[in-house]
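For reference, the structures are reproduced in the following blocks.
The same chain A turns up in both complexes below, where it pairs with chain B and then with chain C.
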Partner chain A sequence: MNLTRRTTLQSLAAAALAPALGGQAFAQGATFRIGALNPVTGAGSPYGSGMQKMILAAAEMVNAAGGAGGRKFEVFAEDTQTTPQAAVLAAKKLIEVNKVQAVVGTWSSGISLAVIPLTNDANIFLMNTSGAPALSVPPANAKGLSYRFQATNDRFGRAFAELCEKEGFKRPATMAFNNASGIGNTEGFKKAWEKKGGKVVANVVYEPNQTSYRAELQKVLAEKPDVIVTGSYLGDTTIILREWFQTGETTKWVIPAWAANPQLVKAIGNEAAEGLFAVDSISNEGSPAFSAYDAAYQKAMNQPGLSNVYAAMTWDMVVTLALAMEAAGPNADIAAINKKIREVANPDGAKVSTFAEGKEALKKGKINYEGASSVLDFDEFGDVTPDFSVSRVEKGEIKRKYLVKI
Partner chain B sequence: MEAYLVAIAIVAAIYVLLALGLNLQYGLTGIINFGHVGFFCVGAYTAALLAEKGWPPLLSFSAAAALAMLAAWPMGLISLKLREDYFAIVSLGFSEVVRLVVTSEKWLTSGVQGITGIPKLFGGLATGLPNSLAVLAVLVAVNLLAIAAMRRIVTSPFGRTIEAIRDNEEAVKALGKDPAAFKIQVLMLGAALAGVAGAFYAHYIGYISPDQFIPLVTFQIWMAIIMGGVGRISGALAGTFILMLFLEGSRFLRDIMPFISEVEMASVRLGVVGLALVLFTLYRPTGLMGDFTRK
Partner chain C sequence: MIPFIELALNGIVSGLVIGLAALSITLVFGVARFPNAATGDVMSLGAFAALAGASASGTLLIGGVFGIAVAAFVSLACYFLVFQKLSSRPPVASLLASIGVAFVIRAVMGVVFGHQQKVFDLPLARPWRVLDIRFHPTDLKISLAALATLVAVFLILHATPIGRRMRAVADDPSLARVSGISPRRIMVALWLLSGAVAGIAGILVGIKTVVTPEMGWDLLLPAFAAAIFGGIGHPVGAVVAGVILGIVQEVATPFVGFTYKIALSFAVLLAVLLIRPKGLFGTVAGAR
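Now for the complex of A and B:
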């Protein structure tokens, strides 16, 4: 035998590569690829990286529990840059190059609406955290492969109306940040409130990124409302409330919780914040699923899990998908898995809160995954209707008062 | 993989159309247009709204170009009074005004909700690759047409005049030429190209909303022509190619180097584009395809 240096090297290289190639072939047979498509940069950047890390963490958890339906998750992460064009290209890459079978964690309606035709064409899942009503119905959700883990803006509006009725307000006015989400909230409120026979005394929509909102505020206060309902974000709410406090008016405020959070109270001071109502779709705090998510979030981001409701949703996306795959059995195709999603998430089954628990319980019968972000029951449109919590600021503390069901 | 490459090629071709228009305005005539995205926006909304009404693409695309041109008319009048930096500021304001109008006129544009479900071009073909290839083919044809027109312009008396306006407007006046008419024509031509690009964009993405037409788009085109070489048609092509390489290529960098997280990658991407711009202005101010014979 003639052993030259070259042949030795070649055979060594071949020996080194063989397991790698074999491993890849094996992996392709037993993996389920998911694409984490999140707003890491741009307007969604406060949430995006947390969302992405929770997809990775949840996938790891599922894999550690032996995979779903015999398959392990492989995650490919991309950034939408919170712009539809970048999101479309990223989704194309995930679908065409990485061959993912589910795109999870799109944020903001513009992105989800732009990506959904692609996932429909490829017959794969889209799991989003967007509020726009258009996402529920055809043409967007013609194939029933899209699931929304966030309450629609419309539902938020209905929760606001319930709260105003319960608190006995008579003359509500609205202020909305001029985007689909902000206006969705206040329009939803207006619709629900007028259905109850009430009248909204003023509707003001304001442009983002102003240094002062005094003019808009004057316009609203001129109608002497007893409560102002907002569809707003943290930055603008801070300015508006500061300027409102300077006027000395005693109007009450109802604000979505992504704006009315501890940072807001800190920014405007306890006195100005006293009595604000904050409405939130309930992250299923206190539930075992939430503590599992919370622990993972703290580990990955070094912040409490409550600070990012969307990350809780992406966590739930992966777990729900994994449970549906487990229920559908080994090598199930997308259609078979899709049939199981409502079955594992909706009522009439043993309540479970982690993947491992659900996997065990599935051997015995039906399950109902109660998620970290909400109890996760999907209606026929693939939307969730979470319960809402009403909190009130008292001496600088945001205290939860009661629940609103819509 | 093919479909992804075709998708990138489509977006790149749309960008080339924008870059060609800007190149005509800045590269050849010296008009600093910071509001290019405004015309892009006008074109996209025109095409989308007319498609909703059932107009055939040929008509709606022409209308998109015509309306974008019309929007450039007042801009052209302004450009007569203002030069260079001042015009830059006004044009930036113009594109923001367009965006705000689109945001506010809800009856027409459905405001911030955007227009959804814009039909794809060649809807008759199977969705996916055949469809995208057809779109790409048309885009390439339109680009070739635009390039041919540009070449024609450059070698024509009109081209020599606008280059003279860029180099010394006073001298052109002294020779008895009126720069005003030329500038208006150039602005309108560039706007028409941007309008057509917008129409393609609307039909390809299928969903448009005001927040897609932010000044960032303008500046990406600027980056492309600065890197590629101002005043050269090949520069517009090369610059767009480099830009897409940076924006899209960095996605694959991460598949090779998984230790860079997506968050870091986003910063690296911006950083690299910024660094490239600085290096270009330092060491190759004429751009990759820059004209060495001149200046």
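Now for the complex of A and C:
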């Protein structure tokens, strides 16, 4: 018998490791770990706490209904501080230390784009609320494990175009913050507007952190546009609108709602803000799923669920994931669960609005989860198409005017 | 032609504000001999303090004075707590420490004032038109405030005993010491002065834009560029360089586009340094 030292060591090592491996497999069978990675502090702080609380609430709801596919959720919460650096550190900790199998609720494109290589390497899910078109396609979504519960910036651009058509604008111009999200908005608008046979008279992409945007404004205003469509954020929009008002021009503005919010109106004053259009993607208001989410949000945050569109998205993330796990059956791996996500969310099944309802209906056949944030039908890129609202600033109040479906 | 003049005017205003920040950097460099990366955050702090002072007192003037005082005091505190202890070490130790100080100040501002943007509550005014060129009243006031600050700093440097001693230390520290100039008093005056100048720069940027904890840090790079361009350690140079970079950046935009205008000002900086390594007004480094 040729028993060398090496083979002895190998077999000893195998014997020592076997129970450890088995133990881990058993632990994974009992729980499914989720990392709630949200902007609790920083620019996303108005939304982050609510997003995180809804992940916890939805996970509790799933656990109370007996878990998904025989597994209970365990949630690990982290703060992105709304900066990519902090988000990457937190994601590393969630993946390497907590061994989460899904990272849910990243907000802002820069953060999702920074975190996605990590989740891809670990072969786990990333469910985000960001808009950058780059998140749809490889390399970011090369593995098809990323799902976006927010409208893409491209879709925002299409909603802007619908608005401009409806309001009768003829000579739109665009101004975009130089990043994936800002340019995504205005490029999406340009594509949609040109498809309608229109022409965009000027396009400007500007750099962040400037003390003045007057040169940029001058270039745009020289083309005499009747409306300026932006892909911008709160800080730069404040400076631009103040400088615009001081030029004495009377152009109209169409601005995404994350920039055109009550803080903007407060910063520039009622007179300058009068007539601004704010466009936002909206939750699936009036749906039974939204009522369920709304009740949970009121309980956790003491505020109406309408006040946080992103919290409705994170609620849906957990429910969708749970339904896919239920459909995939006990101990399904990530790939098997991933195959089921579109199956439980997209049409052609029995419409369901909660996890418990879906779990019951799955025994009879296919289901279609109609979410709280949107009807939640994922396309080939893992993107959804919510509805949009158009609001107008009137005497300092942002008033919702009508809905846009694209 | 009119658009160019308006762009140039705009560049002058931006340049004056950046020039003030550069002045604060260059003052510290001239005497304490290190690039102070905390300058930007002292600026932000000045702006936040001015906001708080203005909302408590109801007038911007008192708020502004309070903001300047807070910036000057914090700047001095940084010297006593950190930079004094490092003064015998190589400059890179102070530089790295100043980056740390910057982080601390910014983090404290984030906790105390929050990350939401704040604005000075000033009414928006329509511009005056002179020969069809638009003049903005707010910009005019900002420029006047910046110019007044510059005049005050130069008067302090050139017409007061403490200023004369400061310049003596900047020229030759050992000779100054032999002549009986006490370094400690010079340092106190220097840090108060550079903090006050940074505070004013921060308040002016805050009035022009929005106040956030990150605003000063974001402006640090252009301010450093202006300080180097002007000949580091040279106060007039810092301001002139700030204005030149501001004008170049703005006037060039019709040709190079907006994405590259910031890069362009650094290209100008590189070109000038290739021809004049000591900067616009700098003396030869070897003589220091």
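Just so we're on the same page, the second predicted complex is superposed on the first by the 265 of 406 C-alpha atoms of A that agree within 3 Å, B and C clash if a C-alpha of one lies under 4 Å from a C-alpha of the other, contacts with A are read in each partner's own complex, and residues count from 1 in each chain.
Going forward, contacts are C-beta pairs under 8 Å (C-beta built on N, C-alpha and C of every residue); 3 or more make two chains touch, one makes a residue touch a chain.
Small disclaimer: the values here were computed from a predicted structure and weren't measured.
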First (chain B), second (chain C), both or neither touched by A:247: second
First, second, both or neither for A:139, with chain B first and chain C second: first
Contacts of A:113 with chain B and chain C, given as first, second, both or neither: first
Partner chain(s) touched by A:41 [first = chain B, second = chain C, both, neither]: both
Which of chain B and chain C A:31 touches, first, second, both or neither: neither
Which superposed partner A:178 touches (first chain B, second chain C, both, neither): both
Which superposed partner A:214 touches (first chain B, second chain C, both, neither): second
Common ground on chain A, meaning residues reached by chain C in one complex and by chain B in the other: 41, 178, 207
List of chain B residues in touch with chain A within their complex: 1-4, 7-8, 11, 100, 103, 111-114, 116-117, 127-128, 201, 205-207, 209, 211-212, 247-248, 251, 254, 261-263, 265-267, 270
For the chain A and chain C complex, residues of the former touching the latter: 41-43, 45, 82, 178, 204-212, 214-216, 218-219, 222, 234-235, 238-239, 242, 245-248, 263, 266-269, 271-272
Residues of chain A touching chain B in the complex: 38, 40-41, 48-49, 52, 77-79, 81, 83-86, 88-90, 92-93, 95-97, 110, 113-114, 117, 121, 132, 134, 139-140, 178-180, 183, 207
Touching residues on chain C, where the partner in the complex is chain A: 3, 6-7, 10, 13-14, 17-18, 110, 115-117, 119, 123-127, 134, 136, 138, 205, 208-210, 212, 215, 218-219, 250, 253-254, 258-259, 261-262
